[in-house]
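Look for chain A in each of the two complexes below; its partner is chain B in the first and chain C in the second.
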Partner chain A sequence: MRTSRTGRAGQYAALLAYLVFLAFPFLWLVSTAFKPPRELARLHPTWIPEDPTLANFRQAFDEQPLLDAALNSLAAALGTAVIAVLLATPMAYVMARRRTRLARAATGWVVVSQAFPLVLVIIPLFLVLKNLRLIDSMTGLVMVYVVWALPFALWMLVGYVRAVPRELEEAAAVDGAGRLRTLVSVTAPLLAPGLVATALFAFVTAWNEFFFALVLLKTPEKQTLPVVLTHFIGAEGVADLGPLAAAAFLATLPSLVVFALIQRRITGGMLTGAVKS
Partner chain B sequence: MTSVTEAERPAARAPRPGGERRVTDRGAWFLVLPALLPILILSVGPLLYGILLSFTDAQSGRTEATRWIGGLNFQDLLHDTLFWESFRIGLVWAVAVTVPQFLLALGLALLLNQDLRLRWLARALAIVPWAMPEVVVGVMWRLVYAPDAGILNETLRDLGLGDGRDWLSGLGTALPAVVVVGVWAGMPTTTVALLAGLQNTPRELHEAAAVDGAGAWRRFRTVTWPALRPVALSITALNLIWNFNSFALVYVLTSGGPGGRTRLPMLFAYEEAFRYGQFGYAAAMGCVMVAAVSVLLAVLLAGRLRGGEAA
Partner chain C sequence: MRARLLWVLVLALLAAGCAGDADPDGPITLRFQSLAWQEESVQVNKELVAEWNATHPDVKVEYVQGSWDSVHDQLLTSFEGGEAPDIIHDASDDLADFAYGGYLADLSGLLPERLTKDIPPHSWETTTFGDGVYGVPFLQEPRVLIANADRLDEAGVRIPTPEHPWTWREFREVTDRLSGDGRYGVAWPLKEPVSVSLNLSLSAGGKLFHRGPDGKVTVRFEEGDAVMPRTVHDQVATDRSASPSTLGSGGSDTLPGFFGGRYAMVPLGFSYRQQIVQQAPEGFHWRVLPAPAGADGLTQGVSPQTLSIAEDSPHREEAAAFIDFLLRPRNMVRLALGDWMLPTGTEALKDPALHTTEHDWATGTALASRLRPAPAQSVRGYPEFKDKVATPAFQEYYSGAIGLAELRTRLERDGNLVLARYQR
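After this line comes the complex of A and B, so read on.
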């Protein structure tokens, strides 16, 4: 389709405006993270730190158990990713290949699970996990995260399974391959990229999660990064901006890296999901 | 879901080679249980338990002595002006975030659907806010809004627009300031959903309309929008729900202050449950929120049904 030259220019201007709106808070975070206290206290802040320093990072690690927090977050995210995919794949397979009443109910649950306020779920979960002595424990948190990641993981995986042509499986069956053999040697390899994408998606969700972690983890050394980050903001809302920015910058790096790796797949997966639903 | 399932029906009925190798019902259950059991135990169960708790006087310190008190929590809630104030703020916030979010995302999606040079970069960046922890998004915007060291006030000073203010602590500015962050944070999901919808509309229709001499607005109204409508409706309803239930962003930005001006229902219920230990009462709040959200869901489903085959 042809667009006039001014139209094109307008489109690029709009695109640029969007990019600036999307990028500037993040650029400001990075800038703040590398500024010495002197520059942060000054009235007229600059975009580029005049005297860039790592002091904020040092101070951040001194003030809060950031390393513990990062390891906790990593454990939670890895655990969630692996377990969620292991549990979700068989069910997604059934949902994609067969139209059982169960599959329909599960799809309904995906929608419903998005809708209810977490506070209604967290109180009972808190009570149950407390009775099981799983408050303040990674096991308890991962259990919650897995279940919380399952609906979307199922949704994504159903899309990926559907993308594997049924005919391939049928052809293998005709060739005399058993059910298991077909799954392992035909379906699984084609599904692998989808499994990885789903796992990374679950990883990012768990890495970013805040509410459950806030309620379920009490000891500072056991908390995850998002929770520890809020400790940099004092009780009266007063924040030491430098270390806060440094810690926030560190906390966001892993999800950005993972995200960069799977950006195409995630949008692809979400697109598939959106189209299929 | 409907249209896809309908399309598959004939194929599923037709006899297929190797049909006897299909998963038996028992096999299917065996495959489904690993995911289904955790969902039932840790998601459906707590939801029902939560509803049950809302009829009790459960408190954090003395859960053993919990008593059934019928609708008392709901009666109290009815007269809790603070809760209804937060409920109102939640509704205002949900609408104030969702509407601009949708319009901006629609514009962005239409833009990214064009053959523009930097499209790939824009597509990749457009989704970055989604990849960041909500807490980091909140922190980031606190830095932007910071009274002295923030970039917003500095820019305003440069433009000669006032001497800068403490946006997040001002009674009048806190909610609008937080709304901007909400819009920013939720745009990616909306954009991706709408982009998917756009890519689903047949290009030929556009071209045919263009050949017929339809202008950009006519093309949007007659070709793009009808095809986009089901997706737009779903994502808008979901956004309203998500925003109404949101927590982390505002918790980090203002903790509900100043003077409760940004205290969303979730923040209120969280404080009630985990600061004051009123589990039963907070659960009742959750129930009221579920009820409000269910109305929205009903609207969503009704809209979907009317959307018919296009969905």
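After this line comes the complex of A and C, so read on.
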């Protein structure tokens, strides 16, 4: 079906408007991060700082241990991504390939579990981790993040596994490959975009997570970036806006970099041509 | 074999997270969770902790940075899990649930007489729940009018002082004179309208919450309660001397309009002066004025910042000694200057640094004796009353959507229904 020139222009206009809408908060954050205090409180603010300064970044680093917090966040996010993918892959394979009642019930439970509010689970979770002596520990935090990210990661991967044609696995079986060999040598490579997307989801979830980190980590040196960012906010929501924007800008960079590096692998359509129809 | 390897891995993972026990023969370690957030304030808190640690080798204090934004949830979870900090920085209006819940230590008898006597009884009222005292109130701030000095001078209005403040009627007349040509006499940042309304209504004798002989609290919206809300309503809806657009804003949101000359005055907390010093354009002249006075003068409600001790702390006496150190008059002054607030201690309040005309410290300090516990301080069920009844009712009234009679009906009828559930 061909789209008229006017229709296409409308589509582009809508896309542009959407992109502007998405980009606005980030661009405003960048602009704010480089503005001196007097420019922050102008009645008619400008997009481009008239007198750009790095003072907000200096102040942010002077006041709070941002670098340590970023490294903590990175450790938690990477650990979560790796473990979540390792655990989710075989589970998703079983759920996708075995159409049993149990698999369907598990899928349903996964979806329902996403609706649990954090406050519902945090106190029992805290007590369990305390008994395991995993409070104030990165290991405990990563375990929680993995458990929290796993349902959605599983749900994502099930879809990717189902997109891998069964015929390929059957062909591998005919050639004598066992189930594990088929999973590792045939299915997993075709799942690469899905694995990357799932890892990315788990990474970003852990990188941005605030509440569990706030509650579970007590030692200042172990706190993650989202927790440290709140230290720029005072009573009644008053904020030290410049340093907060500078720190928040730095906090968004890793996610952006990771997305930029792997977006092609997510959208590359690696399955194209895997099976001749 | 593989299964055994897996178990070894799992156990290693668990062991890696286990923190070692404290050395029983080593010094006591107290965790002090501070909510200080401004650069100077954080620095002063850390300096004081370092000074304590240098002189108390047997009791080491560990500074833990908390956040105002999330302190309630974080503390609640820590209390439930038995992992709360020993010394807790918070605000008095957040303590009621923790005090009644048995999470905080009763400080009666723990604190030295010097500190107990130094802080006035009306400040202690803010942290007294039932028969116990569950926090030391140490910093507080009045709500003041931050004014564009040039606009006031141009208009030739009388400048109010703590000795001779504006009445609410006079305030309305002044804002009327300061308005016109797209400019407003005042901008009320009323994102959280309930606490502001209740605290300022004390000046006119408004109490809203009335405790009966049986100890039960009922809501009665009387004439004194109506003075401040009616002034704001009329400024917005009748005189057009108050900006309607700032009613849903926080204090910081009004500053660009204030600096840009759109608003002549903004009612804000005393500590906002720090932001104004940082952000005001060069050549912008501002001054601090007392809030308008009613039949009860300059009285207004406050919820001071507090220091408490966790009930589960095994070292309460040491924690109390640290609080005593932190709140010695000179240290209390340092904390107050760092936060741009007022100390509660009478000795600290005498410090010359708090009586300078620079940044109008003297004006705020003169108001300290008129600060009283916020009316809702010890009312159980207040958070629900505030969120479900009072906030929407005040918002609608200030915007002109409902009248005073409807505001009264909603606060009394709906409010008493909410409070009754907590007092059965």
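Heads up, the rule we're going with is that the second predicted complex is superposed on the first by the 230 of 277 C-alpha atoms of A that agree within 3 Å, B and C clash if a C-alpha of one lies under 4 Å from a C-alpha of the other, contacts with A are read in each partner's own complex, and residues count from 1 in each chain.
Please note the rule applied: a contact is a pair of C-beta atoms (placed from the backbone, for glycine too) under 8 Å apart; a residue touches a chain by one contact, two chains touch by 3 or more.
None of the values given here were measured: they were computed from a predicted structure.
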Partner chain in contact with A:127 - chain B first, chain C second, else both or neither: both
First, second, both or neither for A:233, with chain B first and chain C second: both
Touched partner set for A:40, first chain B, second chain C, both or neither: both
First, second, both or neither for A:61, with chain B first and chain C second: neither
Which of chain B and chain C A:170 touches, first, second, both or neither: first
Between chain B and chain C, more extensive residue contact with chain A: B
First, second, both or neither for A:220, with chain B first and chain C second: second
Where chain A meets both chain C and chain B, residue numbers: 40-45, 119, 122-123, 127, 143, 210-211, 215, 230, 232-233, 237, 239, 241
Touching residues (chain side chain A, partner chain C) in the complex: 37-38, 40-45, 59, 62-64, 119, 122-123, 126-127, 130, 132-140, 143, 210-211, 214-215, 218-220, 223, 227-228, 230-241
Contact set on chain C toward chain A in their complex: 13-14, 16-19, 31, 35, 37-39, 42, 63-65, 67-70, 73-74, 77-78, 80-83, 85, 91, 191-192, 250-252, 255-257, 259-262, 269, 271-272, 275, 278-282, 305
Residue ranges of chain A in contact with chain B within the complex: 1, 3, 11-12, 14-15, 18-19, 21-26, 28-29, 32, 40-45, 47, 86-88, 90-91, 93-94, 97-100, 102, 104, 106-107, 109, 111-125, 127-128, 143-144, 146-148, 150-151, 154, 166, 170, 173-174, 178-179, 204, 207-211, 215, 225-226, 229-230, 232-233, 237, 239, 241, 244-245, 248, 251-252, 255-256, 258-260, 263, 266-267, 270-271, 274-277
List of chain B residues in touch with chain A within their complex: 1, 4-5, 8-9, 11-12, 16-18, 21-23, 28, 30-32, 34-36, 38-39, 42-47, 49-51, 53, 58, 63, 104, 107-108, 111, 114, 116-118, 121-129, 131-137, 139-144, 146, 148-151, 154, 157, 168-169, 184, 187, 189, 192-193, 195-197, 199-200, 206-207, 210, 231, 234, 238, 241-242, 245, 247-248, 251-252, 254-255, 257, 265-266, 269-270, 273-274, 279, 282-283, 285-287, 289-290, 293-294, 296-297
